[in-house]
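Letters A, B, C and D mark the chains as written, and numbering starts fresh at 1 in each.
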């Protein structure tokens, strides 16, 4: 799997699931909260490159700026300086190619009976179809197809209750995966779904509290990590400090295991585990499951590096960097035309001949979705003089779609869903192919092994998934 | 009054009321409706230069594109060609300097229980504060501060009725001035408020029906003018043709008289009168009311041309073009810095010395709002060698704010509201100053003299105006 | 002939010769010369809309900024404020559609043995082919196909002489039409070709001297007109004041008469004549030459207005504005697609029915080049109910190409060159067609009638024109 | 040293010398040479991010497109498709902050007595001041301050000779470091300076020949590496194939050793050495020179990775990735304001606590120029709980400026020039500091140890450097 923009080149290769979003919020009287949110979003940029937005409140009104593009493209000095206030939320959104995406950029700001309310959301609701029908019949009109409008309309309808009570009641109505930041004129509120599917953590910088998708954002803004937000928890931060309440009791935890495999940044820690260590351990486990005689272990950069290192350490086979990644591919990179289609994956990855020539190679990546890129990489390695290629994947085969916020293609596109292992190996042309076993994956988490959502590997969905008739639409969107 | 962009220069001069919007809709199976809407909006560009948008339906879904800028800036070939469908509406919005204007660009597209619904709106509701409170308490959440969201939410709440019935009921709830185009998957619907304050007319091009703010847009797209839409009328156009119904009976007509004085394009006709003729007649009437001994009559271009011509014809004083207008001032024109502040109005208007030198001049403009520009013009004429200046205004003094969609500043800024005629004359430095009398203005319309809203001249508001506590906010927005 | 951008629409209509450029220079210690140049160029914007540029010297080095677009598009606050200095030149260039136009934007800045030298140029050299060959054989290498590089290289080669002497010697080498502004670290220098084909005038604002293509630029920056620069004159302005010398003696004057017919702004005066008066007089002369029985005289706006007014005054036939011009057509306006090709000229000009219906009309324009637009206008007038159309042109038929800086198409495209008057009349569908006679045109200038270049009407070229083999290339570029 | 854009953040850190440029040329009848050049430049993007340009000839004329920005920003589908031809050159330029950079973007295209000539250049001439004087006195005028104009003017002056002869004679006149690609209507010509200071290699893809700064560009376009271009060699490629000649005999080789330390991509090979291996070996040598007791070896990513790996392998101390690099910092990244200045280097590098906490760390980077970033990194490591920090630099101290195309600041800014090792160590706060010895560096190259330019470490300049009075200007530019 190759990280990067969803530019033309990825259509060639394209084996990446895409995380929906990253969110960041700060309550920091006296601080330049807009700028800290900018840096926080920048640290979360790997979670979304399509759009970026920041909403800031000065206690009276909420200002909003958002647009398509990277954080550094959307905001300039002038825009950041035009913000005024002490509490802010921000959002980055994944890269896609639809039309009207600007309408879907977050945060959203709404005027409600309680005043202004801004919302930034990571995740996906699974009963959106029912919620929409209900709200339609009550007379709601929506301007986007996002979950965010649904959620705010639900909260707005509980206009007689306190805001926290309204949120609680709305959380009982919505189902699915969500980590949400809300901002009204004075308060920063964080909400995590009852299973904790999508991540969110809490940090502090001096007197300021921060809520963010990942701990690397806390590091980047010089904040210390306090703890992860609990599943089902509502955290309210205002001038009186932080209060918390639990909206649900006794639900099972089901943290998205793909965060550990691919999405999260290696330097984050999440729900008790350090991403970097978990990935290293996945590689070690792979090596234990798949003993192989080879000369070197190489990663598919950057996604396979940590696991490849673990594989090398466990197996004793030397780690090498055999593929050089070009880091300058940007949003608008132009695909090869038909006549030079053979350049393919070479534009992004260049094999280092002196490392590879004549070697038997174990190559490690984090996942295979469609399989097209993996085959091109194997082919390129062979052209470079590699004697044998064992492809090792640090996660189990993806056989089921995700309904909780990861853009994993539908079952028809999932290679592992359609073909047995042997055929996949033949298809990508490797001499060996091994996926980390689900059991092997879970062992890494020890006693906490049941705390994770593994639905895309097992079909064991922790939350009710959309009805069949709604599913296609769901997946397409 | 000088037409043009609201660029920096207008802050120098700035004596222009601003029309809120222009709207255009077409139901034309087999036609390139997006392109025709583009041309229609372009013909209405004088009604708004801030933003432009087009929504097109192909019978199944509505596509929307809108952005800040002129019609020709917002749309290019690729964008126009990406539209697909047979029915469309478009909107141009006036120029202002607020933040987040992009959120206020029209049309809006909503998802409702009835499917998609697009709306383009010209005018202002006067009971928006009450409507908003009502909808808030029913749980609505809004993303903009526009009337449009209010209107669609009202319609959406009547989800049990037919669309036309829901519109009718909503029209009973809203008060104020509005000409509205609605688009659902199949229908184009036009609505005009019960007094007909804002204009809308109906045309036909082959089998296609068109609704537009002004008849000049019909001419531009090669359509013939059929008739004005009646006050209170609802016109529904779909594949079965055109049907119409009346939502109100027996309200008085109150067409905005400022359309005739300034807003409408000279080649339009509106509610039975030809704009060009009316303006000519205003000049004639001015000449009758204010006989003066002078050598030439000159207009302030372009707004005073027709009236100046009428004045000349009636008085026998020769018409001349004494001021040359620079037409290249664009949105981003840079103001003179302090050291060359004296250049002032010269950047936009240049006096033609050989026409003016030594002459006694009658200069005709359509209106004075704050008076600053008029003073600068008089001063510039004197510097050019003019012997005497009589300033003639082809409308009565503006003494009251407008709540029906014209951005006339609040009473503190209305010069005619604060000062007697004599002081205004001294302030602008003219030897004579005459405003067309209200009686003189109305005489032009003959038997239809009672069909017009003259509230800004008389304070006689045809529709309930906002309560005092809401008014400031109303005027500021 | 319709003014405006060279957008798609003009390809439909396109009967405009295009002026090459406008130039503006100022020596003004203590003044914000960059900003004054900005306003000066803006006043000259009608002479070129393709690109704009400003070069400013602070006595030590010359800063340059230029780009494609209108003056107000190319420069913003930040860019203007980044200029530092007391002497500046600027340039606007006509609109065309070639590639690499950015390379041709002016001013150019060169490093020479004498230090930095900036140049802005209006006109065309006619012996460029020979000059280029000469310089090539001497080892020159050029980066553009402009005259400007040739001129500076000639000056640079006379490196032993004083700058003024080098200019003089270069002027003896170059042939053709040129008004040039040069800027070195300290001096502003103006040069006009020996026949004075292209215009240039001198003005003063306080202690500052200004050189500009037209006097309207002087008015706009608050400067007084001193005099026109003499043909063959070199004017040098530096901290010691203004000095002048004559590079040539006794050449005949040959001011481009098309400046008076079309290019210059109506409020300029040029080489002793006021543009506005001359155009009025052309109309009077037309009326004398072509007595006709008609109900109204209307102009093609804006180019025919002054002449139409003169025609009306002389003939006694009432002047009316029968065609409404849409002023919002911008650079990127999109052409009608094939299916609505009929909209044609209507998008730009809308007939006012109540003025025209049933009338016998004299319509006045300044020139016809290809004839296509004129035919469309006649057709549109007839559709509007006009009873008869007499087309009157306030200039003689254009039968020869211009080699001195006006983009008049080659002989194959000149309708008057290919067809007799009767056929042209039939082609455009008018009931009558009259061109102002050359004799009639010249009479306007009285005793100075021989001071003008009328080559495009008469073939009487005042300066040697390019050799036949170079001509095509010349015309194409 | 941190790679990346020269954005605001680098001003904070900024310890990077900057490579001047990357060049790529292809002669490929029947191939889409523009697109292949695009991909070649993209592979060389690490050599320059300021501007990009491509010139293509179809045998008759040369088309040019260039602008500020990354290759993927400057070119889009439309632009690439508008190129037509079979032979092309391209250029990427380093990132800087001067004004008017657009004027300095390459390639340049010139019209000369021989026809059109395009040039792309990597390196710096050292006798430019003398050459410019000479050309000035001969009447040349320049539009930029680049070497390129000088070189083409020299070639153009030898107009009587064949092109190759003219190039040869020009090469005798110019001194310094240069790898140059020339393109005329039919030929691709590559030139390398007599000492081979800047790199250039030759490759083949089918019948097409390619010349490029680095071999990674050959890999990326699917070409095989043939050989490096020889110092002093002129390679001419046209429809008749490849011919070569030697312009100089017996000069010593002096390949820039910094290419091996920092500039070249790890997967390139250059003048007989594989970059990746050389860097690994530098790390090994460092470990031999500086035996140290530590728990882990970490690189400063990405520039220190290969050397750190070598250090680990030689010393037996485990390699770890202790710093996470944020890869999304773009051109317009906004610096922290004063109040959060402490965030400093954290925005770009985040320490991974579980890797570092309590450890004694060897950190490896390729060079220190000003030392500011190194100190910040040490400080950040200590805050993360590191017990001891040994900073190891895989190159000798930079004590002299470079005049051959690397932007190494002048002596006042070179920390190693101003301070003894002990003070630098104290300044950056490390427990130990070691630079690779020059002897140790050269040993890596074995018998070829005398083939490299080490002037920045030793002051031993292989080519005459600019005279003292010209030097400041030289360094500033």
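The rule we apply is simple: a contact is a pair of C-beta atoms (placed from the backbone, for glycine too) under 8 Å apart; a residue touches a chain by one contact, two chains touch by 3 or more.
These figures come from a predicted structure and were not determined experimentally.
Enquirer: Would you pick out the chains that touch chain B and also touch chain C?
Expert: Chains in contact with chain B as well as chain C: not a single one.
Enquirer: With chain centres taken as the means of their Cα atoms, state the distance from chain A to chain B in Å.
Expert: Spacing between the chain centres: roughly 48 Å.
Enquirer: At what distance in angstrom does the C-alpha mean of chain C lie from that of chain A?
Expert: 60
Enquirer: So how far apart, in whole Å, are chain A and chain D when each is placed at the average of its C-alpha atoms?
Expert: Spacing between the chain centres: roughly 36 Å.
Enquirer: What positions in chain A touch 2 or more of the other chains?
Expert: Within chain A, no residue contacts more than one other chain.
Enquirer: With touch defined as at the top, which chains are paired up in contact here?
Expert: Result for touching pairs of chains: A-B, A-D, B-C, C-D.
Enquirer: Considering the complex alone, what residue numbers of chain C touch chain D?
Expert: Where chain C meets chain D, its residues are 63-64, 82, 99-100, 108-113, 117, 132, 136-143, 145, 149, 152-153, 155-159.
Enquirer: Chain D touches which residues of chain A in the complex?
Expert: It is residues 31-32, 35-36, 38-39, 42-43, 45-46, 49, 70-73, 75-77, 80, 216, 219-222, 265-267, 269, 274, 276-277, 305, 321, 324, 326-334, 336-337, 339-340, 342-343, 346-347, 350-352, 354-355 of chain A that touch chain D.
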